[in-house]
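One chain, chain A, links the two complexes that follow: it is found with chain B in the first and with chain C in the second.
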Partner chain A sequence: MHISEGVLSPAILIGGAVVTMAGVAIGLKKVDNENIPKMGILSAAFFVASLVHVPVGPSSVHLILNGLLGLILGWKAFPAILVALALQALLFQFGGITTLGVNTMNMALPAVICYYLFGWGVKSGIKQRVFITAAFASGFCAVLVSSILVGFSLYLTGEAFLPAAKLIVAAHLPVMIIEGIVTAACILFLKKVRPELLEEINV
Partner chain B sequence: MFKKYYTGNRFYFLSFILLMLPQTFYNQPAFAHKVTIFAWVEGDTIYTQSKFSKGRKAKGALVTVFDMEGNRLLEGTTDEKGECSFKIPQKTGLKVVLKASMGHMAEWKIPVEEIAAAQASQNKMPEAGGPTCFQREEIRRLIDESLDQKLSPIINMLANCQDRGPGISEVMGGIGYIFGLVGVALYFANRRKKL
Partner chain C sequence: MIKEISGSDSIIYCLDPRVKIIIAILFSVMVAVSDRFLVLISALILNLFIIITARVPIKEVFKRLIPVNTLLIFLWLFLPFTFAGEDLFSIGSLTGTREGVLFAFRITIKSNAIMLMLIALAASTPIFTIGHAMHQLGMPEKLVHLFFFTYRYLHVIHKEYIRLVNSMKIRGFKPKTDLHTYKSYAHLIGMLLVRGFDRGQRVHNAMICRGFSGKFYSLSNFSISRADVIALILMAGFILMLVILEWTQTT
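Right after this comes the complex of A and B.
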């Protein structure tokens, strides 16, 4: 889902960069000393997740983990994802420096959306079944919304929206399910070992 | 404790398997997050090879050829093997741009010298038609042909080298970089607190 350099028109690149800057500013405002290490660890997880290929069907796509980041970090997912995407662009040549703004927006905005949609479901005192479903839905929906946003970015540059979006969503279907499972597993694990991490969720 | 989750887990596992099944029947162009194109000249033809990271061929992707000023010269699509070949459209430097699905793009530049060198060996017509001259041309052509044949595995190998996935050093470097940033951020955060 990393959009390469030279595909998008300058207007979209600038638009994406502006949205990303706003998101990063909001995210950085919410940072305090305690959650800096947390952001670092999740940023590193996001950075490495792109190397985990999901070899289902003829297509090969990779994990994204933006649902997990969104659920735990909220707006702080913006700076965390920006750093990880910048390093992916520099070290792996995934995406590019000029498309960094758009790519960050496409990954981090769904994360924030999922935080507000499903954050309530992973607090303490919520039934196990609801808890797991909310975590799964967060991982699933983050990738779904990301796919649609990528399709939309391509559409604004002139590609037909429906075929592009359909292709991306269909290709990421296995990733969505795996992301849902991974997110649910991670959140369940965190609830057992570090329940205070989830207490910060404030929606 | 295990029993309590069992029904839930089984439900997710089953839905996972069910949703996975259709994937195996999809026949879409393969893709990942990076695409590369590699082009070389043989005689009067330019060959290109395109693939995604992890070596999957880019099938049915659009290949566009530009000259150095950015004028579009011709277009083609890659075949089943991710290859696409065409006659040299003009004797200037060329830029081959590959556009695969989902916003993936790559380019490869062919310098004018490479094309000139390949053309020079092709286009030398026998002058004045003497038998010796013809033999020399024939020999030259044969050498060129066998060289092309002998070199093609090496060219293929080079194309493969182009597409080396990120190694352990890049991964470790990236993770280290992030932890370094965390350290810097904590340093400034602590200093702010002390002041």
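Right after this comes the complex of A and C.
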């Protein structure tokens, strides 16, 4: 869901950069020097996870997993996503310098929103059904909000983008469902295998 | 596999990374905000020149421009028809406008120009050097550390991922559109996170044992040479020229 370079208007680019800077500042405040190696490796794991393509009918989509990231990292999702996108830009040229702010905002803000909306649901001692629903909702909503933000960034640049913006949201509907399922299954797996991963980092 | 580009024996490779980063940022911002075709096309030509000087293999450049341009094709399918303006052509009941085509064309040039600059930067500067240079340019230390660790473990985790995928294949896993597939992938990612987390713990302990004090030291000291000053002045002059061109044409 990257917006490529040269599309957006300067105002949107600046707005995105400002929001991202604020988010990264808040996120970094919550990071101990102690936790940086761990966080770096988790960001790397998410980077790799976003290269995973899962089949949908005849075609395939790649996972985004910002909902999962939000549940595990909270505000720290901002620096993690910024670093991952910067590396994607440097290594694969997906996105560039001027769109880094907007693209980070579009992915990380939904992650933080989902953390506040559904984070309480994925703690230990919560009923299984609620747990799964919260995890699914987090994966689903993160992509939904992301696609809406992408659509808005385009629409605010020019009204001519409106059909494209609508199409982006619509095209991501199957992705939302898949992300919901994958996030729920993944969080459930982590709860069984390594429950402290859900408890420890997101303080 | 995750691969970097290299163009390691060029003049640009020898420039101070801080200078390169500043130039790349200024240039990208300039291109992103300009609208005149004259400005954009001269920026693009300048960039081609830089790419040639950076000695990036041409095949590699084209390969790396593919993802950007696939996204652009998507915009070309839309913009000519949704942009209000003078009619230029029509397909069935759809009419494309002159303004829409120009708009799409402008975006295409902008995108490619900014990407070429990024390719030149990435090809001529190792990632770790970029990290150190960003730190010297005032990026928060924590963010730089995070950048280093993420980059360092990208390859490790990616190898782990390939290993897990292979072991799934050996056990007869075929991806389909069903719940089983999605669950298997979810568990695969869960496993990556768990192993990453454990490895992070071990790495951290090992670093503490070796006296890690929260600082990274760069072996190469950056210093501004005459070539850097010349490059900076040349590029700043060129960017300023573009700014003036853009500004005087619009008023």
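Definition applied: the second predicted complex is superposed on the first by the 178 of 203 C-alpha atoms of A that agree within 3 Å, B and C clash if a C-alpha of one lies under 4 Å from a C-alpha of the other, contacts with A are read in each partner's own complex, and residues count from 1 in each chain.
What we mean here is this: contacts are C-beta pairs under 8 Å (C-beta built on N, C-alpha and C of every residue); 3 or more make two chains touch, one makes a residue touch a chain.
Keep in mind that this is a model prediction, so the values were computed, not measured.
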Checklist entry - Between chain B (first) and chain C (second), which does A:131 come into contact with in this model arrangement: first, second, both, or neither? => result neither
Checklist entry - If you stack the two complexes on chain A, which partner ends up touching A:2: first (chain B), second (chain C), both, or neither? => result both
Next on the checklist: Looking at A:140 after the superposition, I want to know if it touches chain B, chain C, both of them or none. Which is it: first, second, both, neither?
Outcome noted: neither
Item to check | Which of chain B and chain C A:197 touches, first, second, both or neither | outcome: second
Checklist entry - After superposition on the shared chain, which partner residues are touched by A:181: those of chain B (first), chain C (second), both, or neither? => result both
Checklist entry - So, does A:75 touch the first partner chain B, the second partner chain C, both, or neither? => result neither
Next on the checklist: Is A:115 touching anything from chain B or chain C once the two structures are fitted on A? First, second, both or neither.
Outcome noted: neither
Item to check | Greater residue coverage of chain A in the superposed arrangement, chain B or chain C | outcome: C
Item to check | Residues of chain A contacting chain B in one complex and chain C in the other | outcome: 2, 4-8, 31, 33, 36-37, 39-40, 43-44, 47-48, 51, 56-57, 83-84, 87, 91-94, 164, 167, 181, 184
Checklist outcome for this item: Interface with chain B, chain A side, in the complex: residues 1-8, 31-33, 36-37, 39-40, 43-44, 47-48, 50-51, 53, 56-62, 83-84, 87-88, 91-95, 128-129, 132, 136, 150, 153-154, 164, 167-168, 170-171, 173-174, 177, 181, 184
Checklist entry - What residues of chain C sit close enough to touch chain A in their complex? => result 2-4, 24-25, 28-29, 31-33, 64-65, 67-68, 71-72, 74-75, 78-79, 82-84, 100, 103, 106-111, 113-115, 117-119, 121-122, 127, 130, 140, 142-143, 145-154, 156-158, 161, 175-177, 179, 181-183, 185-194, 196-197, 199-201, 203-204, 207, 214
Checklist outcome for this item: Counting only contacts in the complex, chain B reaches chain A at residues 4-5, 8, 12, 15-16, 19-20, 23-35, 52, 54, 56, 99, 101-107, 166, 170-171, 173-175, 177-179, 181-182, 185-186, 189-190, 193
Next on the checklist: So in the complex, the part of chain A that touches chain C is made up of which residues?
Outcome noted: 2, 4-8, 10, 13, 24, 28, 31, 33-34, 36-45, 47-49, 51-52, 54-57, 63, 65, 68, 72, 79-80, 82-84, 86-87, 89-94, 96-98, 158, 160-164, 167, 178, 181-186, 189-190, 193-194, 197
